[in-house]
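What follows is a structure written as structure tokens; I'll ask about it next.
When the chains are written out, they are named A, B, C and D in that same order, and each has its own residue count from 1.
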Amino acid sequence: MKRLFGWLIGLLLAGQGLAQTYILAQMDAGDPTPFAPLRQAGPHWIVTSFVYDTLLWRDAQKPIPWLAESWRWNADKTELRLSLRKGVRWHDGKPFTAEDVRFTFELLKARPELSNQANLVKDYVERVETPDPYAVVFRFRRPVPDFLEQVLGWEKVVPAHIWGKVDNPLGYQGPDRYVGTGPFQVREYRRGEYYLFEANPDYFAGQPRVTQLVLREVANPVLALRQGEVDAASLPPRLAKEFSGQTGFLLTPPQPSYAYTKLIFNTARTPTNRREFRQALAYGINRERLIQQVLQGDGIVASPGGLHPESPWFVKGLPSYAYNPERALALLARLGYRRQGARLLDPQGRETFLSLLCRGQDNARGCALVKEDLEGLGLRVELKVLETAPMEEVLSKGEFLLAYYAHGGTFNFFQNPDFPASVYKNPRYSELYRVFIEAKIPGDRLRAAGEIQGLLAEDLPALPLYHSLVQAVYRDKAGIRLFWTRGGLAGRGGPPSFYNKLAFIEPKGEVYRR
Amino acid sequence: MPLLEVQKLSVAFPKPGGYEEVLREVSFCLEAGETLALIGESGGGKSVLIEALLRLLPRESRVSGRAFFQGRDLLSMPLREHRSLLGQKIAWIPQAATEALHPLLPVGFQLAEPLLVRGIPRREAYARLVGLFRALDLPEEALHRYPHQLSGGMRQRALVAGALATGATLVLADEPTKGVDVLRKDQTIALFQKSRVLNPGMGLLLVTHDLPFAQALAQKVVVLYAGKVVEEGKAQTFFQGPLHPYAQALLEALPERGFKPLPLGLGREGRGGCPFFPFCPEGSMPCEERDPPLFQTPKGRVRCWRYGDTGP
Amino acid sequence: MRRVLALLGQNLALALLALALNFLLLRLAPASPFAALERDDLGTVFTAEQRARLEAHYGLDRPLWAQFLAYFGRLFQGRLGESLYFNQPVTQVIAPYLANTAILVGLGFFPALLVGLLLALLSVAFHRTPLDGGLFTTMILLKSLPPYFTAMALLLLLAVLWPLFPTTATSLPGMGFGENLRRLFLPVLAYALWEVGTIYLVARGALFSVLGSPFVAYARAKGVPESWVYLRHVLRAALPPLLARITLLLAGSLGGVFFVERVFAYPGLSTLALAAVGRFDYPLLEGVFLVSLGAVLFLNLLADLLLAFLDPRTREAA
Amino acid sequence: MKIAILTLLTPSLGLLALSFFLPYPRASFPAYLPPGPGHPLGTDDAGYDVLSLLAHGARTTLGVGFLAGSLATFLGAGIGGSAGLWSRLEAPLMRLTDLFFAFPRLPLLILMSLYLRPDPLNAVLVLALFGWPDTARTLRPLVAGLRQAGYVRVARSLGAGGVYLLTQHVLPQAWPLVATQWILEVRFALIAGAGLAFLGLTDPTRPDWGVMLFQAFNRTETFLGPYWIWTVLPPALALASLVLGLSLVVLGRPRQLDPRLGG
């Protein structure tokens, strides 16, 4: 009945020209089901955020209550009591209750492979109780302070009346796998071409601004924008320039995306096992020129502490390793390396050879520049380009010396105690990391984060290179105003995106005010 | 007016550095209802003459002279008009019967094509062919079979039937006995005699190097040597005593006459003088320098100084 | 029928060998099959337990030979296993991409075949004239340009500088028939341009070799009009070997399609295959290989059968 | 015809020669400088001088092309020749050739990208692997024909061994065809080689015409402004002129236009 009603609304609005379709340029991420362990962090998360809701959400600045209206911790942070929002309905009309939340998290506890945060649920959550249909209590084995943001802001709540009947949720192909509470429901998914979402007229947080939302992958976003094949896309500033001032187009301010590129050193193999050698290389690489040549200036130098400047735990005042080849050569001289003509001889008098691995064709340009800089110091660099999978293999086995690596943005340190690749072993780092995860008082967390960044900037297991700048360009239609969600879409610092679902709904009542 | 009158027909093919003359000013006449045998060693240009008449020679070849057919010159008339004569008034029985038939088309269709092109309905065309097949003792269902399903002899008979089916007044037969063993030869002779009966008015130009075959069918004989007509005359008088030494050698080379080896005429054209001179038993002074013209004698025309003004 | 059975047997053996190779080549590749399972798109590393459970779900924890048997078992039921990345049966993932490539090849190859044959006939009919020379050189020029260059040039000329056609080749919901044709036009044209060159050259060669045969002269001598000589006699004689060779061309054409799909970001089989390689989603890769292998083997068989049946001389022997 | 071939081959040979004078390309200039003083062909998206990229690219592209072409011809001639000469070998070898001919290229290329690291030597191997069946298929009938030829049978009856036959009789006979095949194989290797770059199978940091096209294509800006004029056209036209030149060379050999150019 619900879908019929929704469809009627669509017709009504269409009749008065209010029915509007808005097309977003977005990478295809496969079937928009709630459970997709390997895909969930990137584009899949952005696509499904329109269809499913989490207990917490984020506006431009901070986490805000969403399916959970309010929450209270007990004294020693071993119990979390949530009161849920009332009157929320699933797309198939059934009411949203505490049972759905209890079912979702018990499922994640039983099957941690369903989502990469689920291991935290399995390790820390002892039991989930539902004292009444709109109240949920989480009991923890050990206190986890940011469980709220990192897990409740991340895990999508799924309908118990559907997934309860499914024995193996991973790869479930039932037609009702798309039911969520979100502002849009899945009308059609043509693999490799587009997602067609249809407005959910009585969404609890507000009326969707458009009746149909289409997400499609385009080869050239600028051309697509120019010719109206998409209504919104995120572009580097140099490409977004042409749309500023054009009637009908709006631009968000440029924003350093969380995706970042870094040069990983193999701390277990000579010569990169010596800290001074790593620091010398850091001084020898001109990161400003890298941004200028590869991104035509659309980027900012990344902090050696490994955190994005927008992260709440970002600490300033770390050594900047600005480009200084003399300093680099001085450091190398202290290690016994001698410069002979254009070549750098190692302490045994032999030429120093370094192998540099590059992840994927798209980073080839950056790799070539790093190679040029290092050869400027007199090193002989042999460069190899590897696809993602072979690269992962090499990294996990430690069969590399230098690796030019780029991947999606993350807001805090890596989840596992060992830093980038399993090669870097530093007890001090692991200990600090545990403190950071389990610190009860925010102040302790900030201090631990600061110490970790200081350690990383000094020990330099990897040299973060740059963050590229991105800007959203979109058509002024149906009052949609895109904005950058500081800290990433999900609580834990999920995928950086301009497509926050809040921009696509007309806020109703007190739930969310722009 | 003769059915076919060829006047000074010459054909030359390009070869690196100039042209190689294959036919030199060949002239002869063929009357309606008459069979003319064009004799010469194989590869002496006989087939080229037929292809010249059919205008099937490659574009680069040089063709001069005229060939009047029922008063109109075949070589200069517009191609479209010439093409409309082919398969209607003029029929061709190609030399290599096996390759002449299209391997992937049924035999009946190929033979009926000249009729179908004229607009004759399929049934009537096939009916005419069936009659001819029966006359040439060919099985009727051969019409619906493919060439590779027929024997060599049957294919040749089919081609003859095809030519006759067109009702053409001029039939050009190219080496019909080539590759036919002695045993079948008289069947071929009988085949052409029967086709003469079926189409009495037709003019038959037989190109062959098989003298007994020519003797059995032809009323008139023309002998070609090194691209030139060296003798022309009635068949009876020719076969009793040919005038030109080359013709005599041809006749003596026959098995029943002692099988004397025959010198080949190829490649001697260029040197002026009578090309047969080196092999001519009565070779005398003028033969070496000057090529004799065709002298008219009571028993027919001959290109040999012996019959010149000096008389035999 | 003997020859057909022999052909079937041969192709079957080839197929079985390829199936086994398909499985082994991927599992033994230096890239670890678990790489895809080690971290998600954002680089968050899975814990050992999560990875173990994922491996169990995809049946990767069992020894190689057990996986091999399961692979063949599934194969005979027509199932190709589950894609690691998409968590969906491989058949369901491949189907839309395969359909897209089939549409591209279908719309592109057959018009190219017609045009190629027609131009070849013209070339042969007017050989020794500038028409043949001109056609031949343009086709050679077309074949000399790198395939993706023509695709890029088309995109540039007809979609960017002169926006006649959309720059995105994918569809939108509610796209009418006309719109669909418009979005497919450039990729199809790029692919057809690449194939028409090859077809023209192959056809021209085949027709030339037949032109000299005696039955062509005989046909002319029967007063058959020139057009009929070319269409009914020359083309008919050249058709069987020509069609067989062109079917092989179609089998090899997956390469040409690849460039077009890459330049227009067209969601076809090769785009899927490349993405699957990047993520090392090898059940999906196996599926893609099987599909392209199946297509090629089928076309090979078709080529042999065409050769056998179109030519009466070999028809009974087959 | 001769002048056409010369005019088409000069650009690539000229570039090859030029590469010994121009410095190795380095990304040390502003990006997308239009052609002008200092940079006759301007600079590309990462600030490399297009002319020096083109010149040094000629070394890799021509090197890979000619090497792969020669290897393919050698393999093809060897396999085709022996298949023609020894009847026992004919069936297995030709079945192998058909298998390679029929095997879909795309999966094979992808497997290569998994097993082989992308560098020129592997590219030569891959291209030769795809190229040789064509030569084998063309050469076998010729050699088989020669085997039946009278004088070969006579030589064999006088005790001439297979290898002697191959070297003394067959190869001198087949030489003109092998030369044509060699040019066809090189032509194929050049086109397919440029394609490998598109697949990411070549080392992107080593200057190469295919890589230049791939990099230009990967840049969104290329088609937004006039940049494509000096980043896409030079490598494409250089490659096209070389390949067209080679095609015309083959064209000139046998008098009538060679139908085998269809390959």
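Keep this in mind: a residue touches a chain if its C-beta (ideal position, glycine included) is under 8 Å from a C-beta of that chain, and two chains touch if they have at least 3 such contacts.
Quantities reported herein were computed from a predicted structural model and do not represent experimental measurements.
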item: By mean Cα position, the chain sitting nearest the middle; value: C
item: Pair of chains joined by more contacts [C-beta pairs], B-C or C-D; value: C-D
item: Centre-of-Cα separation between chain C and chain B, whole angstrom; value: 55
item: Chain A and chain B: spacing of chain centres that average the CA atoms, whole Å; value: 92
item: Distance between the centres, which are taken as Cα means, of chain D and chain C, whole angstrom; value: 22
item: Shared interface positions of chain D, touching two or more other chains; value: 113-114, 223
item: Multi-chain contact sites of chain B, meaning residues that touch two or more partners; value: none
item: Numbers and ranges of chain A residues touching at least 2 other chains; value: 220, 223, 360, 387, 389-390
item: Set of all touching chain pairs, with the criterion as stated earlier; value: A-C, A-D, B-C, C-D
item: Chain D residues touching chain C - in the complex, by the definition given at the top; value: 98-99, 101-107, 110-111, 113-115, 187, 191, 194-195, 198-199, 210, 213, 217, 223, 228, 232, 236, 239-240, 243-244, 247-248, 251, 256-263
item: Complex contacts: residues of chain A adjacent to chain C; value: 21, 23, 28, 30-31, 33, 35-44, 111-113, 116, 118-119, 122, 168, 170-171, 173, 187-188, 190-194, 196, 212, 214, 216-220, 223-224, 227, 229-230, 360, 387-390, 392-393, 396, 407-410, 414-416, 494-495
item: In the complex, chain A residues that touch chain D; value: 220-223, 235, 238-239, 242, 293-294, 296, 358, 360-362, 364-365, 367-369, 371-372, 383-387, 389-390
item: Chain A-facing residues of chain C, complex; value: 30-32, 35-47, 49-51, 53-54, 57, 82, 84-89, 92-93, 96-97, 100, 159-160, 163, 166-173, 264-265, 267, 271-272, 277-280
item: Residue numbers on chain D that touch chain A, as the complex places them; value: 26-27, 31, 45-47, 113-114, 117-119, 200, 203-205, 214-215, 218, 220-221, 223-224
